[in-house]
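Just below is one structure, and these are the notes that go with it.
Chain lettering (A, B, C and D) follows the sequence in which the chains are written, and residue indices restart at 1 in each chain.
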Amino acid sequence: MSERVSFENDYNTGCHPRILAALTKTNAERTTGYGLDRYSDEARLLIKDACRAPNADVHFLVGGTQVNFIVAAGVLKPWQGVLSAETGHVNVHEAGAIEATGHKVLVVESQDGLLSADSIDQYCQSYHDDPTAEHMVQPGMIYLSQTTELGTVYHLKDLQAIRQVADRWGLTLFVDGARLASALAIEETKIDLPALAEIADVFSIGGTKCGALFGEAVVITKDSLKRDFRSLVKQRGGLLAKGRLLGVQFRELFRDRLYIEIGRHENDMAAALTEQFVARGFEFYAPPMSNQLFVLMDESDEKHFWERAVFERIGIQKDGRRICRFVTSFSTEKAEIDALFAQ
Amino acid sequence: MSERVSFENDYNTGCHPRILAALTKTNAERTTGYGLDRYSDEARLLIKDACRAPNADVHFLVGGTQVNFIVAAGVLKPWQGVLSAETGHVNVHEAGAIEATGHKVLVVESQDGLLSADSIDQYCQSYHDDPTAEHMVQPGMIYLSQTTELGTVYHLKDLQAIRQVADRWGLTLFVDGARLASALAIEETKIDLPALAEIADVFSIGGTKCGALFGEAVVITKDSLKRDFRSLVKQRGGLLAKGRLLGVQFRELFRDRLYIEIGRHENDMAAALTEQFVARGFEFYAPPMSNQLFVLMDESDEKHFWERAVFERIGIQKDGRRICRFVTSFSTEKAEIDALFAQ
Amino acid sequence: MSERVSFENDYNTGCHPRILAALTKTNAERTTGYGLDRYSDEARLLIKDACRAPNADVHFLVGGTQVNFIVAAGVLKPWQGVLSAETGHVNVHEAGAIEATGHKVLVVESQDGLLSADSIDQYCQSYHDDPTAEHMVQPGMIYLSQTTELGTVYHLKDLQAIRQVADRWGLTLFVDGARLASALAIEETKIDLPALAEIADVFSIGGTKCGALFGEAVVITKDSLKRDFRSLVKQRGGLLAKGRLLGVQFRELFRDRLYIEIGRHENDMAAALTEQFVARGFEFYAPPMSNQLFVLMDESDEKHFWERAVFERIGIQKDGRRICRFVTSFSTEKAEIDALFAQ
Amino acid sequence: MSERVSFENDYNTGCHPRILAALTKTNAERTTGYGLDRYSDEARLLIKDACRAPNADVHFLVGGTQVNFIVAAGVLKPWQGVLSAETGHVNVHEAGAIEATGHKVLVVESQDGLLSADSIDQYCQSYHDDPTAEHMVQPGMIYLSQTTELGTVYHLKDLQAIRQVADRWGLTLFVDGARLASALAIEETKIDLPALAEIADVFSIGGTKCGALFGEAVVITKDSLKRDFRSLVKQRGGLLAKGRLLGVQFRELFRDRLYIEIGRHENDMAAALTEQFVARGFEFYAPPMSNQLFVLMDESDEKHFWERAVFERIGIQKDGRRICRFVTSFSTEKAEIDALFAQ
């Protein structure tokens, strides 16, 4: 497999060279543990600045599944559930992490991985109108990810409409930003960090899939969710002893525009892939927008590309075409794309 | 509302007169607590006899939701979920009780509330074939109810096929018998208690909806599920201090064929209702088989009947027709049916 | 065993004759389910009147363990625990029900089963002063029972002092009233229902051990705990389908002073027992105050009484003396006491 | 604080230079995720070799609290608890992580942080003899750590005796090896990795406190605990996307004897500290054995050392002396010790 290029995912190498350099440079320093060190302090400030959210709380956790269930645990009442698209990571690929914290994932109709304000509103209206509502799981939080599991993105007006629905029904709005760098680099969405911080009650800024060795920043803007969050993180295994590793990494990502640059690079590489696939007449399972492409290909094409590259097949359509996922990362090189399409 | 007759549900009166008499007769006796009394002992023996399952363990719990989540807690590994029809009580009407014990409800395609061996098999095959299976919730238990939430019933060959699929994939088979009396009274199913005890790993025998004040018997036939079940029941709030109340009731239901007779009466009354509705040209949302009918009616008919009786509307079809549930119980009288259809 | 009298516990018979009569009288009536019937409505009003707490919410649950873990689930944040005496029912005899809802029981120093304001205050101060506090379980709720597991009782000034400590540290105060009838009948405590409703944020009024077949009323006075409590009760298996059974029973207990009368009878019988034991020179493990006595006796005395009566031995002291529990109930008769001490 | 030396803990720097070099060298390689890469494979083999346990399963997790609650979740039945010393990390410093998975920590008498076979045996005997045992939490797993929270260590005969008690009562034996390197370097204990693998059902090999950036290896020797462990790890947030980071680090630690060497260095530095403290007449709260020292000092001495070094005060004795913890790590230098005792 070593000779094939890889578009398997955006976490198949180590970290961005600048992050490695920062970790190396600080390796011998002694700091206190659990994220109370000066690097974590600086990183928190940089993120709050980038979000123009001076009153936000910022926490650094290790992984994305961890972020999602810890946020759910902190936000929800025991009888509440999480509204999610059927394709939502919390619904499919976290081995029941949300349920293991005691909460049901409530599947709301979605399109290309995207929830709509209307579908959420109808779900809540229907719950509210049901005479047996108190025997059902109460919607408590909206979970959505930017970008989605299908690589699509929300635009500002989409999120604003969802925010209104959240307010109407008293829901907390949580945005999973595991691949936020890629989304932020798409200017047409009009969602930058300050916009996100204004709309979401809590959101994450992914490191793992955006150039870091690991790590997700959780930004809490809603006051009532801030209290004792560190205790919850500790309890659920998310408080890293050498917390400064997270601080050093996020400080590097947010010292300048490295985070956005990584997103832009991912998208540029994905656009180059898309161009090639389109030129060859391939269609897509979901519209290509960010650093994940879902290409439809028949068995022989899949075989052809599989000899050249590692990628994931996420399913087979009824027409027999495979849904093949190609992902770009901070470390994807143009040469790898060329190699994929070499004769 | 007092002048209208009621087909609201099968738990809208107290208990069968024979049960009341038995409770009254034993009221002053002193016995030990928590189901270790002689009435509970007798009731357990009677149920094991009726099931021809001398090695089964029988426990008495208070309510059905309790039964479902306690069985799930006892059966499942932390990373496993419960396979259920979308309409399954555990999926819809238990306020997330299964999730509150840490487990996901995995919805399997169903027809009229009935699971099929094939749909379960396909679900498990698909899980097994998925390269990311270990990131997904593992199917661990099949939950089905006899009768279903839509009043339909499994036949012997259906359950046998499901048993085979359970064996193929290592699943525990749990049958929720909240309305088992009604199902047992339908001889065409060929599922009597011994057949059920042979096929299911664990099942419940409902009291609440079949003539008792309250109470569900849980019959465990699979040895590995027996150990320490009482501790689990205690922990989850299901161990009644005056446990003999459950013993006295189930002893009465199983001393002779009272339990089946109650089921037969419920079905007879439902058949009489069905006949009247059919005669008036009404259609049904699901085929009428047991003590729950789901009649489709337009707004004016609903209004007409609502003036005469209490019943539940469980939804509205796209064609505008209401899905109205009529339920009969041990205490339903022919006069009430006449009153419903009186001009 | 049938010839021996029984002081095994206060739930070894059925219910008070008046309750049985009420259940019998209402048995055939049709009502709606889940406690939304008129009997439950009346009972709630009667209890609010008795508590002089018109704004309280009153819920009826089946059992005491259920009450305790549901209240804990409703009150606590995920990272909080329950402060309890070592002897507290939640700490010892609920098979880990509190932990199964995700919360630690934090043991606070106690005397004869009684917590003191000081010991709670010191515990909280110590947590607060610990530099690693966020790595520890945060105290969130005080659990105490009136009467305690050792039959002792809190006086008004005790509870008032505990209330102050609760306010100081932001703790919810929950009083488990499984044996509240016995406590209310002790006028010296100066704690009647209105006093309790004023001091506690939430408390239970036990039925099971005070003359009912089963049932505990939960009274919530703190507004923030009221919302959606019925959904939580449903989720945890505490919402009885034939909820009116609870309404009918508590209506009977609170229609007049039956509840207090039952408590008084229990205490009178216990006092008669105490007198006899004292007259024979027996000492007590905890001061006899209510309907539970803990008599210290050597092996031969234990044998002597065991031939005459059923009772529980809860332990053996280092000096070899047995700690034997004798409990009186609504149905204890003077003749039984005479039989115990007959030569 | 930057001028003071630090004995605050064993995770206050980055990682051992050899680990940093290995991470740097492999940084640009593309591998598959979630620990299915070749580095993780190699590391697993090296650990199994070192343990002489070819049939063991080895998993890499991020942190120690995570290890403890995931193992508990995998081992225990819902009604079982964890036996631990009062000082056990699971009992005190994990913010209720065990309880958040639904299990009670059962405190067993201990001495200097060490459990004894006898105290465990007595606990289980007492549970077993209690007539209300099924209302209590059943012991299911022994949790102990090597070294303990007080820096003490078990000897081979201690663990062998505990193993016998575990077998007698059907308990799983779990050894938390967060600081295992330090313990392994103490040859007098006669517990090397093969001995540990033979005695324990599951144990961890700590990386975080023994030279790694982060990471704990979990070694499962008991077959029944192996199944689907990765799903459980994923569900609880312990499956690192870039899992090869753990593989690379543990491969480096176990390629030769680096792991033991780090332990030896820690112990040597601790011995040097001990010597100095002893020479100055200080006493210890627990006998100094490994890389954690608990020195008793009065207020003025504490102040004296606090001006020179960072360390933790974990409590104050009744005699007023402070219990001050000094910890050495792979990166502790002789010069730092000299600085601590400089005039």
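The definition used in the following text is that a contact is a pair of C-beta atoms (placed from the backbone, for glycine too) under 8 Å apart; a residue touches a chain by one contact, two chains touch by 3 or more.
Model, not experiment: these values are computed from the prediction.
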item	value
Neighbouring chains shared between chain A and chain C, ordered by label	B, D
Of all other chains, the one whose Cα centre sits farthest from chain A	C
Separation of mean Cα positions, chain D and chain C [Å, integer]	42
Gap in Å, rounded to a whole number, between the CA centres of chain D and chain B	49
Separation of mean Cα positions, chain C and chain B [Å, integer]	33
Junction residues of chain A - those touching two or more other chains	78-79, 94-96, 100-102, 134-135, 231-232, 234-235
Of all residues in chain C, those that touch chain D in their complex	78-79, 81, 92-96, 99-105, 131-132, 134-137, 312
Chain C - residues contacting chain A, complex	73-74, 77-79, 101-102, 134-135, 138, 228, 230-232, 234-235, 239
Complex interface listing, chain C residues touching chain B	6, 8-9, 11-15, 17, 20, 23-24, 26-33, 62-66, 69-70, 94-97, 100, 208-209, 213-214, 231-232, 234-242, 245, 310, 331
